[in-house]
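First chain written, first letter: the chains are A, B, C and D, and each begins at residue 1.
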Amino acid sequence: MEAIQESEYWRWPETVWVDESKNWKEAEVISCGIDLGSVSSQAVIMLDGELYAYSNLRTGSSSAASSEKALKSVLEKIGDMKMEDIHYIVGTGYGRVSIPFAQKTITEIACHGRGANYIYGPSVRTVLDMGGQDLKAIKIDNRGKVVNFLMNDKCAAGTGRGIEVVADLLSIPITEVGELSLKVYPDDEPEPVSTTCIVFGKSEILGLIRKGWPKERILAAFFRSVATRVVELLERVGVEPDFAITGGISKNPGVTVRVQDMLGIKALEPKFDPQLAGAVGAALFGRALYLKSKK
Amino acid sequence: MGKDVEKLPQIKQFREWFEKRHDYAKDWKKKNGGRVVGYYCTYCPEEILYAAGVLPVRILGSHEPESITRPYLHDMYCPFCHDTLAQGLQGRYDYLDGVTLAQSCLHMRQAYFSFADRVPNIEWSYYMPFPHGVNNPYAGEYTKAEFEKFKASVEEWTGTTITNKELDEAIEVYNKNRELMMKVFELRKAENPPITGLHAMEMVVSSQMVDKREHNEVLESFLEDLKDVEPNRETGTRLMLIGSEDDDRSFLEMIEYGINYPATFVYEENCTGARYFWDLVRPEEDRLMALAKRYVYRVPCPAKDWAVGKLFRRRFNHIESVIKEYNVQGAIIAQMKFCDPHELDIPSLRKLFDQHDVKHLTLELDITQPIGQFRTRVEAFLEAMAEEDLFF
Amino acid sequence: MIVAGIDVGSKFTKVVIVNDAKEILGYSNIRTGMDHHKTVEEALNEALKNANLKREDINKFVATGFGKISVPFADSEITQVVAAGKGAHFVWPTVRTVIEVGAEESRAVKVGDDGNIKDFALADKCAAGAGSFVDAMVRYLEVPLEEFGKISLEAKESVPMNAQCVIFAESEVVSLLHANYPKPEISRAIHDAIADRVASIARRVGIEDDVVLIGGLANDIGFVDSMKRELGTEVYVPDKIAPELVPALGAAIAEL
Amino acid sequence: MEVKVRPLDCWNDFKKYRERYYKNYLEAKDKGGIRWAGSAWAFDPVPHGLGEDVYSLTGEPYGATCAFFHDFSRECLENIERQGVARDLCGYMRNYWGSIVLDKYLLADGSTVSPFPKPDFNFTIHICCSHAKWYHFAAELEGGIPTYAVDISVGPGYMLDDKKIEYVVRQLRDAIPWMEKITGREYDDELLIKAVYAEADAMSTWAKICKLNQAQPAPLEEKSMFSLYVLNLINRGDPEVAKLYHKLYDEVESRVKRGIGALTYEQFRFLTDNPPPWAFLKVYRYLEKEYGAISLGAIYTFGLAGGWIGMDEKGEKWIWEPAPTPEEAGVEITNREEALRWTAEYNLRYRASWQHEYSHWIRKQETYQMVKDWKADAMIMHLNRGCELWNMSTLEVRDYLVKNGISVATYEGNMADPRDFDEARTFNVIDSFMQSLGIEKIS
């Protein structure tokens, strides 16, 4: 029997970007943050605490290689910067301990807090980070320092991976599932899938497919239950405005719209890709660490 | 030059007992020709067994993944119970002659019954009703009556008569053990405690595995040697561990030795820590009544700690005093997945910590620990209490 | 009489056509699409082509599998449990314990000498372990599916995984990767974890020889190896027919 | 075999009683009455001594009612989980707390009112790991309601002795002045005695009704029993409840005599064990309609509301015979002491559902004997994540039954958390089970 070719609906687009208007050679401190997540890896270069360039790639099977690839792609995009030109590199994310060239590692919780403060401004108090396998509700002060946080632990449901599984199951690209689910929102929203467990939920979704439900309704039911879980976590730390969302799922309106409506709070608009928050925070810490070492 | 605690022979001894618990019990049997009884739950009146020349050993898990318990124990029962039963089913406890349980949570009961039925060679098994209402004035008498029956059953099984003298001796040995361990704990109040939580855990768990007389000897010299110990690690954040059974070395090791930020446990308020040995037997003419009172009025397990008449939890008072005396800065609530008794206290416990300005982190334990996930949480937890200088 | 057994699985739809003499005339196996009716038609046509038959030649259609209601023309329906039991007993008459591991589900069926079902157990939730877990892992490890089983046999040690939940198991795999464990070791860890969960279902009905493994994952030699170790007994995979076709075959012969 | 069927005449009486019960609790204060809350297992006759206008709210039936109206239940569960309450805790308890936090009270018809009526006191027992702590936490949520829990963990009935009974009686004795103090009322021993008689009457009569279901065809199916057994869980100290059970007994007895069954076509008789998934009673309907399969009852419906002899003195065999009432036992209750002692002993000894958590051996015998006595073809077990007590030993029992030649199917679910139930999977289990036993669909 020949192998069956599978489309990969879970794949989301990779990007590498540089701010052409800036000249890195004029910068006093060049810092770099690398966020090696379970699903994605980002490398961010900052010049004196301002975003200059980044890469956002999928994490491969080797963490060292993935972090190198992330850094290499951003340096290539810049063109003439070398690794030695960077003053300080901070690693964060799930694979932070295996980034060979990081001078220090800091948890993604601290980095997302700090990053959100940069991306959304000092008024942010509550950060929701929705990533590949973790869901975090983080409370920060006006400097972006973590005051309190909670992470999902009982269940991996409602995470990026869970959404990828469902995208695959329904054969819809991950970048479209959110929008599609909003077709029936809010007036024709079906009951949430009864369980938040992705393993169990999967069989429920299969059941809905079999019953002939249209995809948008299935997605709506699924995202509704994801949103419920997210809100539960948020309310447990206590949501205080201003409220911001970071991480990959922030690009998924199927979740973000529902979460905001359920909370009755609007999330702040990001200045740029919130999936970068962790790496941005790491780079900012890198700058601080560099300056501290100079003192 | 002070001594390095890691190099103390007593630390090595505790660790060896901890790791080779089954070998110890088998050797003990060979040497003494006596019987070994496994017990579930810290409410078992070990003194009665000990007085009859029996070696009581605590039944604990091994923290290896398994699936052999699934035909007998439902998935929603706590991982500790699955783990202990798995040990039995895999033959690791085949040397036990008996097994007993002082009535405790439902999970443990089910594990106990399956263990007693399915582990070969067990000739004596005893389920001892024990009050859940330990905050109730009549619990002592009821317990005493149950201890009498327990004693009679042990006597019948071993063919001995347990005299008051033997009981007194057993009580003395056990009290001594408690006293010595409390003294060790006392030292942890210091600004730089001489031992870590890992050491403490190995000390307390090993005391549940070996003959207390032997353990006492080691404890005595340990206390002597500890005087000269010079702490050579940064104490960092002073942590308290709260929870049920937790004897997973990798977990404590990760927190105390494996994180970017220094931290040390100064107290373990759990079933394999202080809750096991805290509080002494106060001698009185009626020996069994004296024992009953110790077990009933010791710091209670959450399964038994609830209101009678007015609202209070005795355990919470104890936790409050630990916070003050040990200068606790952070608490790690390490709770077994599906453990109802503990889960039922957690929302109120969190409030208690907030009131005392103690930061807290809740982790859910399983048979084996997802150390990577835990590390991130613990690191972020400690990070939030430190790193002020990165924000300017 | 010619009977077609149609097994609409969550990932693959299989058709097996047999005659009175219980000979297999043809079969097919295609990916289950979103439109189940269409998938069924396609699978059936392919099997007919394979058997060199026309639709009119089929006297009876028997549906099974999670999507069995999507076969509107079926003359009868049987459950996956019975299909697995009957099919396995036919291809392996000395079987007593049938373990089926498909893409999303696993089940264990105990059969008597006569092939009758004596007991069965289905995977409970929070204990899921099946083919799609492998599919996801293959993606992380960046090795082809066929390779994935083979490399598992090269592992020198077993790394235990705390594998209650598939998603968390995934993140454990990711951390193993990040800790630079070699792929054979990780592959074996994954196979052991699935085997552990599947075995826990099988143990509910009691393991009795012969144990026969069917369903798509039975193609994975790494998994078969792990199952043998986990159960401590020989585990057979049918040789007459691809293991994932056994339930469709069981459905067909159930009506003969 | 086709049989005659007809609806139960006294069905409406039970329904009305239940509706009134929830209303009475709500409106108690308007009439100057007293409200208390606690487990369905609490010693219900004791608060009866405070007067005739004392109204209770028992938590488990209330939790089940919430679960039955699953939208409300979902709201409760989500709200309480946001407070940091773990999702695997007792399902009834989470619904109950959720209802407090939402400040909404559910009535028997599914309508809700605000605010949630707070009790004057909580009075409960402790047997599983949750009961006392349930009300302890509820009291905290409600801002400090006085709470009293009676520890009943004295072991199985056949091993009772005076010391154990005395332990429970002493706690009950103390409860009375405690209640007097809180309510400012004087306690009336006559009312207590009346309630104690009523309790034994109601529980023993329910057991007699259950026994009638041994008949073929069975006069009752379990789904209707759910509405009948519940009166013993909400207010068994009320003599009216016993009266209703006598009426029901007469009707069921006459059905048996006339060969009237609950199903038109009784092809398959089975038993269940745990509380059902209340939001999905369609499991039972499916079995009836598709397979002519009738659930004759469960150690749950029988054992929770009934007084039974239970384990024999040696602890070897379970006896499914109704427990004696004071009259049958030739006992006369004349004062507080005798009344407390009777109710303590009756419950500890004869309440079937208080026996099997002390050993899976007891539960194995209990279940096995039930299959035999009620002539059941099989067991369908609910692996109920909602209640750790009722789920205790289930898998050991399954193992035992299968080894003894009884067919068993299991499905996963939760009595009171609709999110833990997978419909498709459950129906698949049922179909597989029936097919493996060779039971054809009717239709």
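Note that in this section contacts are C-beta pairs under 8 Å (C-beta built on N, C-alpha and C of every residue); 3 or more make two chains touch, one makes a residue touch a chain.
Source: prediction; values computed, not measured.
Chemist: Taking CA centroids for every chain, report which one is farthest away from subunit B.
Modeler: C
Chemist: What whole-Å value do you get for the distance between subunit B and subunit C if each is reduced to the mean of its CA atoms?
Modeler: Computed value for the inter-centroid distance: 45 Å.
Chemist: Distance from the CA centroid of subunit A to that of subunit B, rounded to the nearest Å?
Modeler: 41
Chemist: Measuring centre to centre with CA averages, how many angstrom lie between subunit A and subunit D?
Modeler: Between these chains, centre-to-centre, one finds 48 Å.
Chemist: For subunit A versus subunit C, what separation do you get between their C-alpha means, in angstrom?
Modeler: So the centre of subunit A lies 36 Å away from the centre of subunit C.
Chemist: For subunit B, jot down the residues that touch at least 2 other chains.
Modeler: 70-71, 337, 372-373
Chemist: Listing for subunit D: what residues touch at least two other chains?
Modeler: Residue numbers touching two or more other chains: 83-84, 86, 88, 383, 395, 422, 424-425.
Chemist: Could you pull out the residues of subunit C that touch at least 2 other chains?
Modeler: Residues 66, 124-126, 168, 171, 175, 204 of subunit C each touch two or more of the other chains.
Chemist: In graph terms, with chains as vertices and touches as edges, which category applies: line, ring, star, complete, or other?
Modeler: The chain contacts form a complete graph, every chain touching every other.
Chemist: For the complex, give me every residue of subunit C touching subunit B.
Modeler: Result: residues 124, 126-127, 160-164, 168, 171-172, 175, 193, 196-197, 199-201, 203-204, 206, 230 of subunit C touch subunit B.
Chemist: Under the touch definition given earlier, write down the residues of subunit B that touch subunit C in their complex.
Modeler: Listed in rising order, the residues are 64-68, 70-71, 75, 366-370, 372-373.
Chemist: For the complex, give me every residue of subunit B touching subunit A.
Modeler: Counting only subunit B, the residues touching subunit A are 260, 337, 362-364, 372-373, 376-377, 379-381, 383-384, 387-392.
Chemist: Spell out the part of subunit C that touches subunit D in their complex, as residue ranges.
Modeler: 66, 78-82, 85, 116-122, 124-125, 204
Chemist: Residues of subunit A touching subunit C in their complex?
Modeler: 1, 3-4, 6, 8, 36, 38, 59-64, 94-95, 97-98, 133, 155-157, 159, 161-162, 165, 170-171, 195, 197-200, 202-203, 206, 209-210, 215
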